[in-house]
Each structure stands twice: as C-alpha cells, then as structure tokens.
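For reference, the structure is listed below as structure tokens.
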Amino acid sequence: MNVIVEREKGPLQELEARIAALRERETGDSSDLRDLEEKYRILLADLFGNLTPWERVNMARHPKRPFAGDYVDALDQFDELHGDRHLRDDRALVGGLAKLRGRRVVVLAQQKGRDTKENIRRNFGMVSPEGYRKAKRLMEFASRFGLPIVTFVDTSGADPGIASEEHAQSEAIASCLVALSKVGVPVVATIVGEGGSGGALAIALADRVIMAENAVYSVASPEGCAAILWGDAARAPEAAERLKLTSADLIGFGIVDRAIEEPLGGAHRDAPAFVARVLDAIDQELRVLEPRKSNELRDARYEKFRRIGAWENESRARLATALT
Amino acid sequence: MAIPDWLRRLRDRDVSAEDAALWTKCPSCGEMLYRKDLEANLSVCTKCNHHFRMSAYDRINTLVDGDFVEIGMEFLPGDPLGWVDKRSYPEKLEADRLKSNLTEAVVTGFATLDGFPVALGVMDFSFRGGTMGTVVGERITNLLEEARKRKLPCIVFTASGGARMEEGMLALMQMAKTTQAVERFMSDGNLFVTVLTDPTTGGVSASFAFQSDLIVGEARASIGFAGRRVIEQTLRQKLPDNFQTAEFLLEKGHIDMVVTRAELRATLVRLLDYAVDRKRVAPALKAVPEFAL
Amino acid sequence: MAIPDWLRRLRDRDVSAEDAALWTKCPSCGEMLYRKDLEANLSVCTKCNHHFRMSAYDRINTLVDGDFVEIGMEFLPGDPLGWVDKRSYPEKLEADRLKSNLTEAVVTGFATLDGFPVALGVMDFSFRGGTMGTVVGERITNLLEEARKRKLPCIVFTASGGARMEEGMLALMQMAKTTQAVERFMSDGNLFVTVLTDPTTGGVSASFAFQSDLIVGEARASIGFAGRRVIEQTLRQKLPDNFQTAEFLLEKGHIDMVVTRAELRATLVRLLDYAVDRKRVAPALKAVPEFAL
Amino acid sequence: MNVIVEREKGPLQELEARIAALRERETGDSSDLRDLEEKYRILLADLFGNLTPWERVNMARHPKRPFAGDYVDALDQFDELHGDRHLRDDRALVGGLAKLRGRRVVVLAQQKGRDTKENIRRNFGMVSPEGYRKAKRLMEFASRFGLPIVTFVDTSGADPGIASEEHAQSEAIASCLVALSKVGVPVVATIVGEGGSGGALAIALADRVIMAENAVYSVASPEGCAAILWGDAARAPEAAERLKLTSADLIGFGIVDRAIEEPLGGAHRDAPAFVARVLDAIDQELRVLEPRKSNELRDARYEKFRRIGAWENESRARLATALT
C-alpha cells in the first residue's frame, strides 16, 4: 500500500473529476471553474505541502512517477546497447548512446516496470551482476571516446537473488565503482526515484549528483533497515525518519549537489515538464564540466567523495595517553 | 582538553572478569576448549577445525614479525545523524568499545611480514558487526593513501556486516571513497591483497573486498553481497549449507584461493614474494617515524 | 609478366548464363522472388523478411556514398601446404573465383558512409565459405594498419566458416595476426565496429569479430564459436532453432544490437556519429590517392 | 584406439618384461641383459624411429604422456589462483604463480585427466569461456607486476558445449588473444601434447613457441578436418598428413621456434628427464627475453605473427588491368 496513492483517492479524486467535467462543459473561463481550481490547489498543498520522509519514500515509489525510461525517451536520440558480452542482457539496467540537448552521451538507467509483466522483465528495477557489467563496459566505452556519462538511478537495491550471488554481485558492483573512479569524462547522476544502497551508488559515483525533490537515496531501504536493527520491517516509517534520505538532508550533507523541485503532489502530476526540467539541469551541469580536462575531472571526483566523513578528531597524543 | 568519558572508562575497566571465562564451547562441534589452547591454535578448534572469529589485534599478532605501528587512530566516530533508537548511537559505540577494546571496526597500520614491509588493515566484527561507517572508510582510505606514498603493498582483512545504518548515507559514501583510494593505489602498480574472513558482506564486499589483485578467502568464511537471511526471506526458500562459503565462492570462481588460518601467514608471504620486490620496498618503512625495522 | 590463367578466365567468362536465372526461391517461406525485386530490397525476402546472404560488392554498394577504393587486392592465395584432396587447393580457389567473381573471401578498402570516411572490410561466404586463410588475414590486417595510419574508423562485416583447412596452421595464425592489428588500432583510440552476418563462426568469430567496440548482429544471422552440427554431434542432441542466432546472442548479452538489413546503413551512420568526430576524420581520405571525396 | 598404445603391446611389452625380470635376478652387468637391452633399442627404433603425422597425433594423445600438470608439478614452487571472478573456476585451465628455475612467473596450463573421473573434472582438457577469462585475468596480473608468462598447451580444442556457446566462447578466446597482444612481459608457450585450433592459440600467442617433438599443433583436429572436408572422420590419418601439424613442419613455417627432442618411443618413456629438459628450454628462452623492454617485446611479438602468411603478390596495376 502506497500512502501517497491512498491520499490521492477520496476528496482529491472527486475534485479532479468535478473540474474535468466542468472543463468539458464550459469553453471559456468561468468563476465556478476558477473556484474549484483554487480549492484544488489548496487541497493539494494541504495533502502534499509538507511531506514526511516516509511519505517521500512513497512518492519515490509512486507507480505513476516518471521512470528512468521516461527520461531516456525524452532524449533527442537513443540507441540502446545490450549485454555484458558474457552471459546476459539485463533489462533492469538500460544503457546506450544518446544525444542530450544535442550533445553525444552514454546513458545508463535503472528501469522499473509499470505492470507485472514489465516488472518481471525488468526485475523490478533490481540490477543483476550482468547489468552492472554492461554498465561498466559502457562507462569504459564513454571514457574511450570522450562521451559524458549520464545516469538515472531508480532501484530499491541490487538484485539479492541466488543467481546474482553466484555470479558475484559484489564484484560486479565494485567493478562499476572502479570504472567510474577511472573515467576521464564528466559523470552526472540523477536520482529520479529510489536510490537504494550500493545498487544505486554503483552508477552514481559522479561529478554531480542531482536528485528529484521527492526522490530518496538511502544506505538501506527503510524496511531493510528496520528489519536489521529492530527485527520489524513494519517500522519502516520510523527508519525513513532516522536515515536522512531526502534530497534536503543529502544536500545538507554535501552528498547531493542539487535538487529539482517537483510539482506539488509529485513529479507525475506534470511528468513531461518535470522530465524536461531534469534534462535541462543535467545539460547545465554538463556545460560546467565539459571544459575540464580528464585529470581535473578525476581529481575533483576523488576529492568530492574523499572528504565525505563525520568524525571527532582526537589528537594522537591524547589517545595514546588514554589507551595505555 | 579533558579525556572523554568513554576513553577513561575503557582505560579503567576491570578486565579480570573477562579472563574468568577460561573455557569456550566450540559452536561447530560442541567441544569444550581451554581458552589458552584455543588461542595458541590461532582460535581454530583443535577438534573440528572450526575457525572462530578473531579480534583485530589477535589477528595482527599472528601475522606481523614484531612491531605494528598503528595509524588512523585519530579518526573516531561522531554522530552525524543524531541517531537514537533503543539507545543512542554514541551509547552503542561506547558499549562496543568496552566489549571489543577497539575504537572502531578496523585497525590500520604498518608492519613487516617475514621482512616484507606492508600496510595492513584488519576489520573486527565485534565492533558494530564490522560495519563500515565514516571512520572505517576514512581509516581504510588513509591506509591506502599512506601506502601509496610509500609504494608499499597493502593487505586488508575484511569482516563486515555491510554499511553502518546509524551513519546513513555518509556510511554508504565510504564505498565510493575507499574504492577510489584502492583504484589510485592499484593504478600506481602497487599490490593490493584482501583476505575475506567471516563474515564479509554488503558495502565492504561490494567495494574494496572484491577489488583487489588477489582475493584470499579464509576457510569456511561466509562471503556474499546480500545477507543469507535477506535472500531466504525474499525467496521464501532455504539455501544450501555451503551457499556463500569461501569454498563455494572458490568453485564459482569469485576468489583466488581458500586458505586455513594455519596456512595464512605463509601463504601471504609467498604471494608478496611473487609480486613485490623485497629490496625495493624495504626502505619504505623508514619513513614511518615510529617504526623500528 | 603474363596475366595468370585464372584471371584471364575470370575476365573472359560468359556472364549471361548467370543472369538467366531471373527467379529465386526463398529458402525460408518458399516464395518465388523476381531477382531484380529481391536485389532492390537488399536481398531480403519481400514476403517473410528472410535475409539472403549477400556478396561483398553488393553489400558495399548498399553502404557507401559513392566511390569505394579497394586495397589489398595484391594479396592473392598461394598453396603453402601443397594441398590436394579431391581437387587441389588451387583448383578449388579457381572454381570459387569464377563462382563468386572475387579474388578472395574478403574485400577491403576505403569509402564514405553519409560523409564519414571509413575503412571497410566485407567478407563473402561464397568464396571458400568465407574461411580465413593467409590472404583474408593479410587483407584485414592491412586494412587495420592503413586505417590506423589515417586515424579512420573501421567497420568489418564478417561471414565465415572459420579458419581455412587447406592453409593449415598458417590459417590459424591469422587469428593472432588480426587480433594484434585490431588491438593496436583500438589502442590508438580508433573506433572498431563489426557487423556479424550469416554465418560467423570459428576463427573469425573468436578473433576480430568479437573484439570490437560495438558488435552489431544482422537479423537472423547464425553466430557462434563451434558449428551447430559439431555441437549436435558431440552432444548427440538437437539444439533449439534459435540457438546461435543473432537474436539469441542479444539475449545472452554477447552483441550490442540486432539490426535488419534495411536499418543497417542508418544505424552504422548513427553509431559513427556518436564516437567519431566527423570534422577530424574528414581529411583522412585525401591521403588515399585514388579517392575522390 | 591409440595406434601407439597398440604398438607398445606384443613384442615390446614382452621384451620389457624379460629385461625387468633379468634385472631383478642379476645385480651386476650381464651379457644376457646387455643383449636384451640392445634388442630392445633396435625394436624401439624399428617401432618408433620414423613416425608418420598420424602416429605423432597418437603419441601426442598417449594416455601416459606427461601432461601439462606434470610440468607444473616440476616447477620450484606453485600457488594456484582460481576463477574468472564472475562465474566459475574452470579446472581445464590451471593457472597460478610459480617459480621456474628460481624466477617468478605466471603459469597457465591446459590440463587433461588421466582417468575418467579426473577427465570429467578437467573436461578432457577442453577449456570453457570461464577458463579463458581466468587466463586473461592472470595474463593481466603478470603484465601488471612484470612476471613472465609461461603456458603449457594440451587441448583437443576449446570446449564446444552449449554452455560455452551461451557464455560467449568466441569472446573469451578473443579476449585472451587481445590480452597476450598487450602484455609487456615475456611470453613462452610450449605445446606439450595436442595444440588444437583456436582453443590452443588462445594461450600460445607468445614470443617463443616451443614444441615437444611429438606434439602436434593444428588448425583443426584431424578428425574434425576430415569430417568438415570429406564428411568422414575416419579419414583422420589422411587429414593429419595434409595438415602439416608436426613440430618439424611448423618450424619450417616459422610458426614454432624450437622443438624438444623426445626419448625414442615418446616422452612418457622418460618423463621426468623430458619434463626437466622442457623447463630448461623455457628457462633459456626467458633468459633471452627478460632483458628486453616492454615495448620491444610487444613490437617483436607483433612482427612475429604479422609476417606469417603465404600468398602470391600480384602487382596492383596488373590486377586492375585483368579485372576490368
């Protein structure tokens, strides 16, 4: 049960229906319509104006939310490249060559399905080792030909199945991280929905990390975190609160560089415009990064993650005294 | 500046209570083992060869020739998220400090192994389940950077439940940080060896553990990305006993070799000998002020 | 020096007999196809979309903007092993020359595709089953070396039954030779694209075919290392129909894409456009004396 | 049925038994023993003095022949490294770190089994993609740490099974060839038994190629060649004749650099001494190669294979005239 989907039912749906009906009947502007629209805006603000972290988790998982594929579809051009060259083409991770605002890029996107059939094909957006190895291959291709890398992150986490363990999921994720550490081209990652754990980070070790306002990016899913710490996945809302997984939190920590504001009530309420805004933001970031030399990019990327930490610095001398 | 409370308590605590437990029961075969015999046998059951988890300092003692110069001790965990559940994160940290006699889940430093100078990192499961927070990430990164400066080979023993929840995304980012540090270290032509001990999972497994030149699995260690229980719950099926063991991973081609603890030191020395020029690295430790070769 | 016999016969032969066959039967759907219609449709069945094998020059005509400057024609097969079975190797070669109107199983040269200058190699199954002997190896190597000098992208269409038996180990060594040439070419940062057409197997498959930046499979092409019959005989079991098809390989992650012949030229142009700077490569062909851009 | 094994039965076996019996009875030298030994030598020369190519194929496949593993066992030290890091450890290709005459090397060896059980484990010495990917990984390790690469070739060919096709055997072999093209360290390959096709070449793109006198190295197995060309695998002896697969032939073509003479009757008649001679030869070749710089090695390796060809050079002008 998605708390946002539930909240969209009842009065809001009713009001939407009434507005739609009125619009159909009347051609010009009417005061009735304007009244209803005003009421609608107030209700929207009331329902969605101040979302809790758990509500944002649900927004990030909203079934109508623009998925990574919707961003890919909005690119000027896209030619999908398939496969890890060894074993399988993983449909949970779509990759290929594309043009973004006229510029040639390599795109990597974690893709969920909108229905059961598509979700089975896409493994619910959970990437297997073969998907990460495809990603790694395309990252190396991008670096080889000087193409910026643009990634769209939307996964509850890397696939946790038996086959993925047998095919060395750990090594696959690590090899993506290594590849992104090495590439001498700009890398811009956008968390568009769920950014779940190492499975998300694998394609998000980037020069710039953008987040949709209501996207979440977390060390573990709230359910997983609650299960691990408290043995009770039902306490996920509480975990969501503690984990500091919202775009605002992460900008505060310096982990995310920029959030893209969503329409009130979520990105799906005006998907095409929101998708275009995200692509514009990526375009802007790329413009800043493109003039930089390979080594500058690599060094800056190193420093960006190098400085992420939070500890109390004790002087060595004091420690030595205290511990002996 | 005053000594923090936790440090004072760590220093002043009564250790005699711990020593009271002279006997340990082997969880594998049930044999009662005299603790001193067990320690003398590298914490391996003398009856069934079960490998007990080892503390970081005990492990270091079984490996190094003599001195071990610890670095990175100045990095100590804060509480970036202000985490509270049953206990606050700082309370959990303090409890683990007292239990483990460690300041964090990894110990890093310099030593020699059969004369080979190395940078050595050893994780310890008894501190927050060996989870990687910002301090583990920082110490590992610091170790690799210091090793890189000196062109020393680096060996890291992993033991980790993954990323540390209580530090949230700051913990996850340590995967990126450590991977980058390893990548720089290895790109310079330095040897990186990881020894995966029980258990090695999650964020540690999916970053520096599987990124090394040579991957050694300690006998019977449990190694994987997703935890065994997570997989069982997701799939609603029981997994075979050997799933995610070092031996299983050897068959699946993920690791270079499986080594018993008794053979581990000699094996590491041989591996160093293949890839490292003893003469070239010998002077490196002279740059560490505290180190007396 | 006199014109060799086989060349004279190739030049003087009566081609009207070949044109007599105005109709071709589609091996897939059985439709009788008027040959001119078939050719106009890129040798793809207008009814069932079956892709007929294409001759190298026909293929080149469907791709290039205008001129195609052939290189490597001076390399012509000898008879290094003095091979004789039912016929001698030179006799087999001559028969294939007359049948295919080719001097060997690959045609190499320079051309432009939508303005992109490229080095282009096209194999032809109708000459000795597209097998790679020393001349195929030499022409491919020569193409890559010439492309490397000019920093041109290189596209090779493969169609091969593997290494050529009648040239023995000299044929096998062409795998090493071509692979090395591709490696040098790619290490310089040049784009290498292979288009695997029906059939691509054995020594060609296991060398330059699968060594490229981008691997395009032509729709329905049969692609693999071991021949289908060899596998069936070894295992004494029948293989599924789609085994070793381009579509099967796409699912198995071996190739980047499957493209119908109708889409092939446009796709290649788009791929070139992603990885090649049109302005940078434009002057390259000026260095080829015979080439008029 | 192995024609060499058959030939070893009968008179030769009888004579061997008689000599053994006599040796047991008598302590010193006796004229009887000397006579028998002389007779034995003559018989050996008679049976094995002038082997046909097909007989050499059988010698290369002799079940008692020293296998690649016997050469590995004779090294000063060996630490096996396992796996392709993705999927499987292929026991048909043994790889690891070793010392050869005191020098640190990376060893790669195609290993057959001596009995059925071992043959199943070793897949009859037919390497799968995972084996080639392990080899590639170790080649890169060798290059990274400046260790020479020593390979022992003994395979009827790369594994032709369904799984191998599904795991991209072609790509795996090609990637080994690429890796050997790139390595900046000496590479010495020794064909110790069967050198079968691309599956053998994958680990034999070397600076020096050594061959045991009775080893064979062929573009295809004689059976495979006969089946392909004549639809009759039984004509393998004829194919063996035509294929020019013996060490003498291949030295003539410049494909093999050096043959190591075998004891009369085959290497298995004095395996330890023969193995030692092979290792000595590798040692000698490495001594020559070791002083060379990485680029020199790579360039010389390129030229070595670059020049292998056999064609009639027609002048371009003459061709142009003739064809138009």
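Lettered A, B, C and D in written order, each chain numbered from 1.
By definition in this document, a contact is a pair of C-beta atoms (placed from the backbone, for glycine too) under 8 Å apart; a residue touches a chain by one contact, two chains touch by 3 or more.
Source: prediction; values computed, not measured.
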Return the chain pair with more inter-chain C-beta contacts, choosing between B-D and C-D.
C-D
Centroid of chain B to centroid of chain D, CA atoms only: how many Å?
43
With chain centres defined as C-alpha means, what is the inter-centre distance between chain B and chain C in Å?
54
Averaged over CA atoms, how far is the centre of chain A from the centre of chain B? Could you give it in whole Å?
32
Which residues does chain A have that touch at least 2 chains other than itself?
85-87, 166-168, 171
Counting only residues that touch at least 2 other chains, which ones in chain B make the list?
210, 252-254
Given which chains touch which, is the overall layout a line, a ring, a star, complete, or other?
other
Contact set on chain C toward chain D in their complex
1, 3-4, 7-8, 10-11, 73-78, 80-81, 83-85, 103, 134-135, 137-138, 141, 163-165, 167-177, 179-184, 187, 202-203, 205-211, 224-226, 230-231, 234-235, 239, 243-244, 252-254
Complex interface listing, chain A residues touching chain D
85-87, 129, 133, 166-168, 171-172
Could you list, by residue number, the parts of chain B that touch chain D in their complex?
189, 191, 210, 213-215, 250-257, 267, 270-271, 273-275
Report the residues of chain A in contact with chain C in the complex, numbered from low to high.
77, 79-90, 97, 104, 130, 134, 141, 144-145, 147
Quick check on the complex: what are the chain A residues that touch chain B?
158, 160-162, 164-171, 173-175, 177-178, 181-182, 197-198, 201-202, 205, 217-220, 224-225, 228-230, 242-245, 249-250, 253, 255, 301-302, 305-306, 308-316, 318-323
